[in-house]
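By letter and in written order, the chains are A, B, C and D; residue numbering begins at 1 in each of them.
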Amino acid sequence: MNTTPGGNAENVLEVKDLSKTFHVSAGAAGTKELRALDGINLTVRKGETLGLVGESGCGKSTLARTLMMLEQPDSGTVRFEGQDPFGLRGKELLKWRRRVQMVFQDPFASLNARMTAGQIISEPFATHKDMHRGTAAKTKRLNELLDLVGLRATDASKSPQEFSGGQRQRIGIARALALDPDLIILDEPVSALDLSVQAQVLNLLNDLQRELGVSYIFISHDLSVVRHVTDRVAVMYLGRIIETGTTEQVFDSPLHPYTASLMSASPKLDPAQRPVQRIVLQGELPSPLDPPSGCRFRTRCWKAQPICSAERPEKMTRNESGKIVLGMPGVGLDNAEHLAECHFPVSNPAEAGLVRT
Amino acid sequence: MLTYLRKRIISSAVPLLVVVVGVFALARMTGNPAALYLPLNATEAMREDFAIRNGLDQPIWVQMAQYFGGVLRFDFGTSMRTGESAADMALRAFPATLQLAGTTMLIAIVLAVIVGSAAALNPNGILDRFSSFVSMTAASIPDFWLAIVGIWVFAITLGWVPTSGVLGAAAWVLPVATLVMRPFGTLVQVVRGAMVSSLSEPYIKLARSKGATQYRVVGAHALRNAAAPGLTVAGDLTVGLVNGAVVVETIFGWPGIGKLMIDSILQRDFAVLQACVLLTAIAIFVLNILIDIGYALLDPRVRPSAGARGRRKARNEHRGQNNTPATTGTPTTSAPVPTAAIDA
Amino acid sequence: MTQIQEKPATQKTVKANATQRLGRPSMFSMLLRDKFATVAAVILSFVILLAVFGPVLMGELATKQNLMFMNKEPFDLSNGWAYILGSDSLGRSMLARMVVATQTTLLVAVPAVLIALLIGSLWGVWAGYHRGRRESISMRIADIIMSFPSLLLAVVVLFVFSPSAANIVLILAITRIPIYMRTARAESAELQSRTFVDAARTFGTKPNAIIARHVIPVVTPTLLTLATLEFCFVMLAESSLSFLGIGIQPPDVSWGLMVAQGRQYLQTAWWLSILPGLAIVVTAVAANMLAAWMRIATDPAQRWRLTLDKQTKKSLTTVIKDTK
Amino acid sequence: MMTEMREPTADKATANDTVLEVTGLDVDIRTPRGTVRVVSQVSFTARRGRTLALLGESGCGKSMTAKAIAGLLDPVASVSAGRAELNGVDLNQMTAKQRRAVAGPGLGIVFQDALTALNPVYTIGAQLGESFRIHRGANKKQAKAEAIDLMRRVGIPEPETRVNSYPHQFSGGMRQRILIAMAVALSPQLLIADEPTTALDVTVQAQIMALLHKLRTEDHMAVVLITHDLAVVAEEADEVCVMYAGNVVEQGPVDTVFSNPTHPYTKGLLDSVPSDAQRGEGLSSIPGSPPELNKIPSGCVYQERCPLVSAICREERPVLRETGVAQRAACHFSEKVSSAKVSTELANSFEEENR
């Protein structure tokens, strides 16, 4: 499935060089710059689930909030089915809002305890009055949504405290579906849930995608969940996307050393999947207030060379025969599926001790 | 630390200036005080002369410029009533109020910390009920009525203490007792609340896991964390104390700055009024700075290295938490039973 | 063996829980549960009735001077029910004057609290929600007002603009606005960062709609509780002003004024000061207790305490006792 | 930088290296609505140099069990039955003074969320040194020196300067190292780690797990690891106790239990973990959610969610009985569990019926 460069009917969302800087006051020295997003490039295809993986502080949530227009980016473009939402105002903006919705991590904090489940799910209709005119239409739609997420019509009058974590997350999902969106951003949707309930919600999300054809951006730090749910994956580190590709490519033969260390570090239930040698990164995540020059991972990378601190690495990929192809500036590599930003990428999985030979 | 101090002085100098200018303008609007000081049959000429002598004939902003010019040279103008320099009168009266307020706050803080901590340690115990009862009554009794009842009982019927004046320790008992009720009532609830919340924090479990004795857990770990919110509220209460002082000084004839201010208002003695207001405002301004420094000492998170935002955030958190006046729970339902996690 | 030790108490409260699920237990039933709050509510309603109907009933009794009855002892029925509380230095009935004073005191305290509540809360919620410069400027203004003793400010202002009831209400309201503003700001700032508010933003809800739907319902109970507490504080402030001679001016009468006038007769006629003062204290304590009850009744996390019937309350106190 | 994968210590468990013996532990919580049993008849043994995992979802009583052993229960909770013998001495019978004497030298505990577990107003040096001041009467200077050694031992860079910093000046990973340092300060025989890495990222988690492993072998401590993460148990623990609604439903060596589970709940959990095998299709999920602790049914605690439920399960609560080599489970039909791919087919039918 190749993607032709430039706007493409097949892409729900295209993000080019998106950057966002926060000004943080740091003691007496006035304010300091925190580059939360530093040139993000991202595409989401119709009906696809794109995974967004990274540790805390890498900017996943800031990216989600910016895509939902809760934060104003400094530079870069966002194309939503060819339309730039940041240029819209008033009515037009409101119309666009229906097409992208969000599900939040904490099932307890994302629902207002003083409203009933029915009111919470139909809250979006209060702002989009033209969607379902009249109470009859609203109740019909409400019952549809409750059924879609596996809740009963009688649950509408209950208040959030009377539901379990899993059920509350279903209410959050129903609210996100209320305006019939094309894209839903799932910000760590199952991280706060217990294992047994997690599986139920993941199945629900899967069924909804098959039934409604909605695309997902699935943000998570839990690699086993991402591996199970996503079609493509983007790995973030300190505000930059350092590797993207299909889930198999990124999980089984990672190009970037950081991705390799992530795959190796996470504990595995199945002994066969455990790495021969586990890569344990030294040191701590550098502070985003003054990120390392050149490649941001160089301070913790075991393959770092002087060039890594001098220049920011170009995008590169691995061609069919497994050889590393370096993208020269200007030579577009956009048609390649599996990309990473590194001067000395991981040549093959065995090198990172990933595969038990 | 210095940059932090410099910033702090600038940011609270503004309220000081506003208050002084405000009072200056307001006082001038009460019309011409000549009627008070000159005999009724004073001729027009005498009124003219009085106005010129006191510079009242100038337009208001000229008077203000003259006044503030004088202030820079520590000349606060002279009292129309006694002819003395306003600054001397204010400075002479100030120590009396300072001592009164100081002793009262000291007693209030010490008692509040002891009673508050004890109340937090055994919820619904006698001390807990006593402290919520005291803070309830303290917030409900007007201090002037309390003073009068005090005089009626202790001075008149029992005759243990003089009805007014400053001489001898006995003279201090009633004024301080009247003044201490309100700050103690509020502070004891704040300390109790802060202790209850800090005792439920995980670092208390950590301290216990190291085998620390109850004394060390409460004294070193819990109390130190409860001190910061207490300090913020103590600051606000001291400002409130000046209110109380005005009334108490009037009743007990205490030669404080509060009484001087009321007298100078009633007799429209502008210079003295402004001097008193300026002195009180400066005192409160200095007090706020001391509280901020004390706060930074107590809670390292708000130290300059934590950045101004951290500092304001931490302080607002505490102020937001504790600024509702005397939180008075009725004795029976105030017990902080932790709602069990399994509450259906 | 069954897992939980069923005690008769729990069966009864299971029924109580059932009512809870049908809809919140009515405020009234919760009021009756707490005997302190019931007493407080009765006293306050009596005071309000007195304020509304009192002056009409008393007619001119409060102002009729009767030189025969100067400084009469209270509680001696010989000279008729009008002098049950004794008489003042001009022979006027204390009972009648105190009833008329109730109206003046409430006419000052209630509007002052309402004005301060309205302005302070809306300003605080608005500042808390939008944060940034608007919040810091509003907080600086609040600090200015709070950084100066309110009584002195009132004294200065009232002296400049003759001390009429309207002026007193205005000055008392202005000096108490920061109290509501601080609480409203703190709560609104915390609420605006909550996830369910973010959710509302994602489907395009306007800030004012968010404030109305999510912030105000949460902030209102806390502010109402604060207002009841403030009513007591403002009443005390008014009586202090009257005591200092700059509050209510004769021929009007207020409890504070009566205490001031009775001061010189303390040796001979103690009741002139003590009785009106007592009226202030009783009303203030009632307001305080009602505020304490409201704090619990309006807080969903604490509300269960008020739904317990006597039986469970006994087991609650045993739970507390042996936690020591 | 690359560390060899740890093989679980397979040496035979000898009697004399039993550090902690817990038998029939019951913990009750008093609420205004009656007393609720949150831990019921829990028994296990922690041996020197080995890690025992208490595995279960939230609300299963694993943390409550740990707090009961460490004597850190909230006032409303209390141990109502059972013994917890540390080196032969029953902790539950100890007086407060004896308890304090053993807290530190005998038993250490690592909490989950380092941000709230460290006292924000004291320096790290003071808090690390506190154990030495309490138990060894060290003065301020000695305590600080000990603190610096401890910081170096757990891998905190430049300990000499950072000893005077405050908790909010450290990252999540560093704070967790400080908590671990505090727990092992007086090299206790038993270390209880309550979800030590749940709040941490994957790469930092690997560092902390490696550190815990190093310290366990160096001081040959017995470790009780509380967690809900099956993968962490698979890699770090030697034995496991699977807990559900306050009861131990299965226990035994990790490899045996995970490769051949004999309780439907363990089986259901293992199948709920998204692993490579079922990429894309639906996960076999356990229907419903854990019961609230004051509504635990009589009979088997898992009956409401179990695909094998039948009449006997509703009346009689199964007792832990031998179901494999050193493996025990509390189920009337444990032999039926390991044969079929139990949770998927029956679970779906179960879900239809209860929808």
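Heads up, the rule we're going with is that contacts are C-beta pairs under 8 Å (C-beta built on N, C-alpha and C of every residue); 3 or more make two chains touch, one makes a residue touch a chain.
These figures come from a predicted structure and were not determined experimentally.
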Item to complete: Determine the set of chains touching chain A that also touch chain B.
Response: C, D
Discussion item. Per the definition at the top, count C-beta pairs in contact and tell me whether B-C or A-D has more.
Written reply: B-C
Worksheet entry | Centroid spacing, where centroids are CA-atom means, of chain A and chain C in whole angstrom | 51
Worksheet item: For chain B and chain C, what's the span in angstrom between their mean Cα positions?
Response: 22
Practice prompt. Give, as an integer number of Å, the spacing between the C-alpha centres of chain D and chain A.
Written response: 32
Worksheet item: Which residues of chain D are in contact with two or more other chains?
Response: 30-33, 36, 75-76, 294-295
Response to the item:
Two or more other chains are touched by the chain B residues 305-306, 337, 343-344
Practice prompt. Would you mind writing out the residues of chain D in touch with chain A in their complex?
Written response: 1-5, 57-58, 171-174, 201-207, 209-210, 228-232, 234-236, 258, 268-270, 272-276, 278-280, 282-287, 289-290, 305, 355
Worksheet entry | chain A-touching residues of chain C, taken from the complex the two chains share | 21, 194-196, 198-206, 209, 213-214, 217-218, 300
Worksheet, complete the sentence: Contacts from chain B onto chain C in the complex sit at residues 12, 14-15, 18-19, 23, 26-27, 29-30, 122-125, 136-137, 139-145, 148-149, 151-152, 156, 236, 239-240, 242-243, 246-247, 250-251, 258, 261-262, 265-266, 273, 277, 280-281, 284-285, 288, 316, 319-321, 323-335, 337, 339, 343-344
Item to complete: Would you mind writing out the residues of chain C in touch with chain B in their complex?
Response: 17, 34, 36-37, 140, 143-144, 146-152, 155-157, 159-160, 179, 182-183, 185-187, 189-190, 225-226, 229-230, 232-233, 236, 239-240, 243-245, 256, 259-260, 263, 266-267, 270, 273-274, 277, 280-281, 284-285, 287-289, 291-293, 295-296, 301, 304-306, 313, 316-317, 319-321, 323-324
Worksheet item: Which bits of chain A are touching chain D when the two form their complex?
Response: 55-56, 150, 164-167, 194-200, 202-203, 206-207, 221, 223-225, 227-229, 247, 261-262, 265-271, 273-282, 284-285, 302, 353
